[in-house]
Amino acid sequence: MFLVDAPLVARREVARGMFVLSLDAPQIAQSVRAGQFVNLGWSPGPLLRRPFSVYRTEGDRIEVILKAVGAGTAQLLAMTASDTISCLGPLGHAFDLVAGPRSVALVSGGLGVAPMPLAAREARAAGMSVTWVHGSRTVDELCSEADGDEVIWATDDGSRGFAGTAVSAVPETDVVLACGPNRMLAAVAMRWPDAQVAVETYMGCGTGVCLGCAVPLARGGYDRACKEGPVYRAADIDWSVLPAHLPYAISA
Amino acid sequence: MTVDMAVEVGELRLRGPVLAASGTFGYGTEVPLLERRALGAVVSKGIFLRPRAGTPPPRIVETPSGMLNAIGLQGPGVEGLIRDYAAQWAQWDFPVLVNINGETAAEYGELAARLDGVPGVAGLEINISCPNVEQGGLYFGNDPRAAAAVTEAVRKRTDLPVWVKLTPMVTDIGVIARACEAAGADALTAINTFVGMSIDLNTRQPRLSFRTGGLSGPAIRPLAVHLAHQAARAVSIPVIGIGGIMGAEDALEFLVAGCAAVQVGTATFVNPNAIAEVHDGIAAYLASHGFASLAELPRYLPRD
Amino acid sequence: MTVDMAVEVGELRLRGPVLAASGTFGYGTEVPLLERRALGAVVSKGIFLRPRAGTPPPRIVETPSGMLNAIGLQGPGVEGLIRDYAAQWAQWDFPVLVNINGETAAEYGELAARLDGVPGVAGLEINISCPNVEQGGLYFGNDPRAAAAVTEAVRKRTDLPVWVKLTPMVTDIGVIARACEAAGADALTAINTFVGMSIDLNTRQPRLSFRTGGLSGPAIRPLAVHLAHQAARAVSIPVIGIGGIMGAEDALEFLVAGCAAVQVGTATFVNPNAIAEVHDGIAAYLASHGFASLAELPRYLPRD
Amino acid sequence: MFLVDAPLVARREVARGMFVLSLDAPQIAQSVRAGQFVNLGWSPGPLLRRPFSVYRTEGDRIEVILKAVGAGTAQLLAMTASDTISCLGPLGHAFDLVAGPRSVALVSGGLGVAPMPLAAREARAAGMSVTWVHGSRTVDELCSEADGDEVIWATDDGSRGFAGTAVSAVPETDVVLACGPNRMLAAVAMRWPDAQVAVETYMGCGTGVCLGCAVPLARGGYDRACKEGPVYRAADIDWSVLPAHLPYAISA
């Protein structure tokens, strides 16, 4: 875990209102794994840091992808190239992508695309073929950057690709990884109990000390999304207790 | 100039005045980025006798310059705590106090007895911001008699240093402080979180599943400084100030207002190294103002 | 869709639920940029029987998302108020209530008698966050008996609507709320400022000349929502919510939490037109959620 | 009084760490008079607005002069040309510069220079000759922009001009206007009871409703700096009660 004052070095738009920020954070770029996140803070800004999956890395840079869903994300998107953002990370447990399985489906809804480019890279390094399945409400909201041997688009309104949810568009693969609104992940859990899902919760610290990021477990009790998670075996979560109305849901 | 930062809180000698607050530092085993040399002591996450699952999410809501939390004292219970952590604590070069919680005075007493003499446990901090089931759910900390009863129940069953952590939502904190002092507390911690609520306008229900939560962070600092000051004026045992400390200047406000030491909570969430930065900033202030030790810092503590 | 924003607070019919808070709107004669059409009512700066100079500067300190103030109830006294302002108020198309203050219950009663029947004075708001000199300086608002005594003293001497403004620094606001209701209050205002302190590290003295001040602003909002909600659950008269409202969403939290109306204080300092923006934002929320009137807004108000 | 979202259009340094910001605020630029101020707010930023004298106007622009003396001023100086600042003003009572007197001394210490360029312009329009007296601790801290028929510099350390305070360097004139640390203004009051001084206080609202900006009066009681002030007849203030440790003092 590193605490880095990272200069904002670039920004690009990848869907309507959805942006990728590049931050210069060498230690994090070199150590992060797919599914892990960084906790971003800035001043003046909100009291608490905001968690974001690492979207891509490139040399000394990490990228995060976001939309303005509240005051904090709006402030991040108002920053200019001279600004510095405090990055704490990498945090949390990564996707498990050890060699063995031959194919993986990366299933994302809306901003749930966030951990997928790194996952694609690691899966390919582990010898898997990658099926990229990305969905959103409508074509304008699809993240234009895709990275799979096969790419499947899905939109609720049918404006591009499969008309329906990303989940219903997934073909057979050995492994399923998913990220998106918690409601979508609950559907993933019904179909693929062994899928690896990256969940979203509100977080206080991101480092395991506050117990604010409670994830209700199917076996009872709670885990910490920031420490034992954010990646879980889909069937291990009690989806009826995990709040669904979080920002991923707003934006997907 | 190196400044002598040591403080004595009752019989406990601490190498520095900046402590980790209960519930914001786990059991002291996380927070890898902290320079631990600066840590005066750790107060571990509050525990009950038995394991507790805690409250369902959402457990936290951010508010202007603050946060509400309703964790529900999730924890392994006293046996789990002793089994999993005490032996590690015994190796560390700073003391660890255990924050204890109960639903009856007797439960607090039992916890004290169980923790007494356990290697690694350097003291107890009684959290009296707990609902007293025998008194219909009123907080122990809201009533001087209930606060004194809990303090006494703990005092009788242990030789460990006993601190009492005061709740801020009272008409006169001095009355509670004096009751705890008279019942045998070695020190007081002032203050715990304030009860607050936040409403979700989509559901038109509270955002927290527990409905209400405890407000911490810089928002409460001016209130906490005042309450810690009032407590310090009311008693002659040491008072440990807490509430919204983000940097050294904030901590110095509590110290000048009469506190012997401070605890840092929410700030650690934002900056894992906050405790060391507060510690070093206090030392720098003292040095630049010509004080050779923390003990020399003049206090603003008029006695009425 | 135009939304019916009118509310009844006891016998007072207000055209909208957003009121100007005492001490943050002067006597209603300043704040030129406000679109007054949106103003439900004005509560004037608190007065005593006799003129008061107020406290020496510094009187305010900014804190994280809040401010401390110690104005010392500077004002012209009741005769000055009637002479200089009441006649203007009588011309306005919204009611003006006078916030009254005293050191004894009898003083409150005298103020009520003097203001009763004065054209332009539409009601009284009793500020019980005043030190009770007969009870050694404890706030009237801290003690249900003292709060009831003041309410009764006022109630007996006037036919005007009587609101009581509760202090937040109490163990159980419900007890005080019920005492004021029983003593004849028509409505309650929840809440006044919290007492806080800020220390200047150069002088090592409080920044405020009065040493302590009242904390207002967004920092206290989650606490205020909770206390207003607790008061609303305790009584059947209307409760007017106040504390840290900056925008319409904040006001809606109080309304959903069971308040009949709200007051806006500190926000007016930052944005002179805040009251109109809050008013319009509430109307927009109601319209977009399909409610034809404020009365239709569902409240979250479980009765135990 | 106007409430304007004013774009920041330019910035220049006029002494070490002392900057002039130009804001596009037409209504205010056209109505402000010397000694009046604007109350600036921005988001994210501190809760309360910050008062600043209007330094100059140029067409639709107003200028303010400042140094970083605390968190708020540091944030203002970190802003870039695309940012917008909320301006409330003009506020307060201006200097009284009606025609009649033949000469005026504009006496300033440190940031107290703030209202003087407008005062010079108005004095000249009223037919007065202007003596500009500006002092600071040392030459680097002198505001380099001066506007007088006669210009007198003063530094505590003698590094430029008169060695001593600005007050002690003032020649005979018909009228004296002064602004600077409250301690300096107290000295002005001793020497010229009729001088017009612009005082500094902490302010809550700037519009007369909070009574936070209390100025203790020699005749007893308090006035509002934002409404009856900030310009006062020097002898009307009880200088023993007015706090001296405010930002002007820090920087002068």
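Should a chain be cited, it is by its letter among A, B, C and D, assigned in written order, with residues numbered from 1 in that chain.
FYI, contacts are C-beta pairs under 8 Å (C-beta built on N, C-alpha and C of every residue); 3 or more make two chains touch, one makes a residue touch a chain.
Bear in mind the structure is a predicted one, so any value in this text is a computation, not a measurement.
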item	value
Chains touching both chain C and chain D	none
Between chain C and chain A, distance of the C-alpha-averaged centres to the nearest whole Å	46
Centre-to-centre distance between chain D and chain A (centres being mean Cα positions), rounded to whole Å	52
Whole-Å gap between the CA centroids of chain B and chain C	34
Overlap residues in chain D, where contacts from two or more other chains coincide	46
Contacts with two or more other chains, residues of chain B listed in rising order	61, 65-66, 217-218
Touch-based graph of the chains, sorted into line, ring, star, complete or other	ring
Which chain pairs touch, all of them	A-B, A-D, B-C, C-D
Residue ranges of chain D in contact with chain A within the complex	44-46, 71, 75, 80, 82
Interfacial residue positions of chain C with respect to chain B in the complex	61, 63-66, 68, 138, 142-143, 169-172, 194-199, 201, 204-206, 212-213, 215, 217-223, 225-226, 229, 244, 249, 252-253, 256-257, 285, 298, 300
Residues of chain A that touch chain B when the two form their complex	1-3, 41, 46-49, 88, 201-216, 220-222, 227, 241-243, 245
Residues on chain B engaged by chain A in the complex (per definition of touch)	23-26, 30-33, 45, 53-62, 65-67, 69, 71, 74, 200, 202-203, 217-218, 266, 268-273
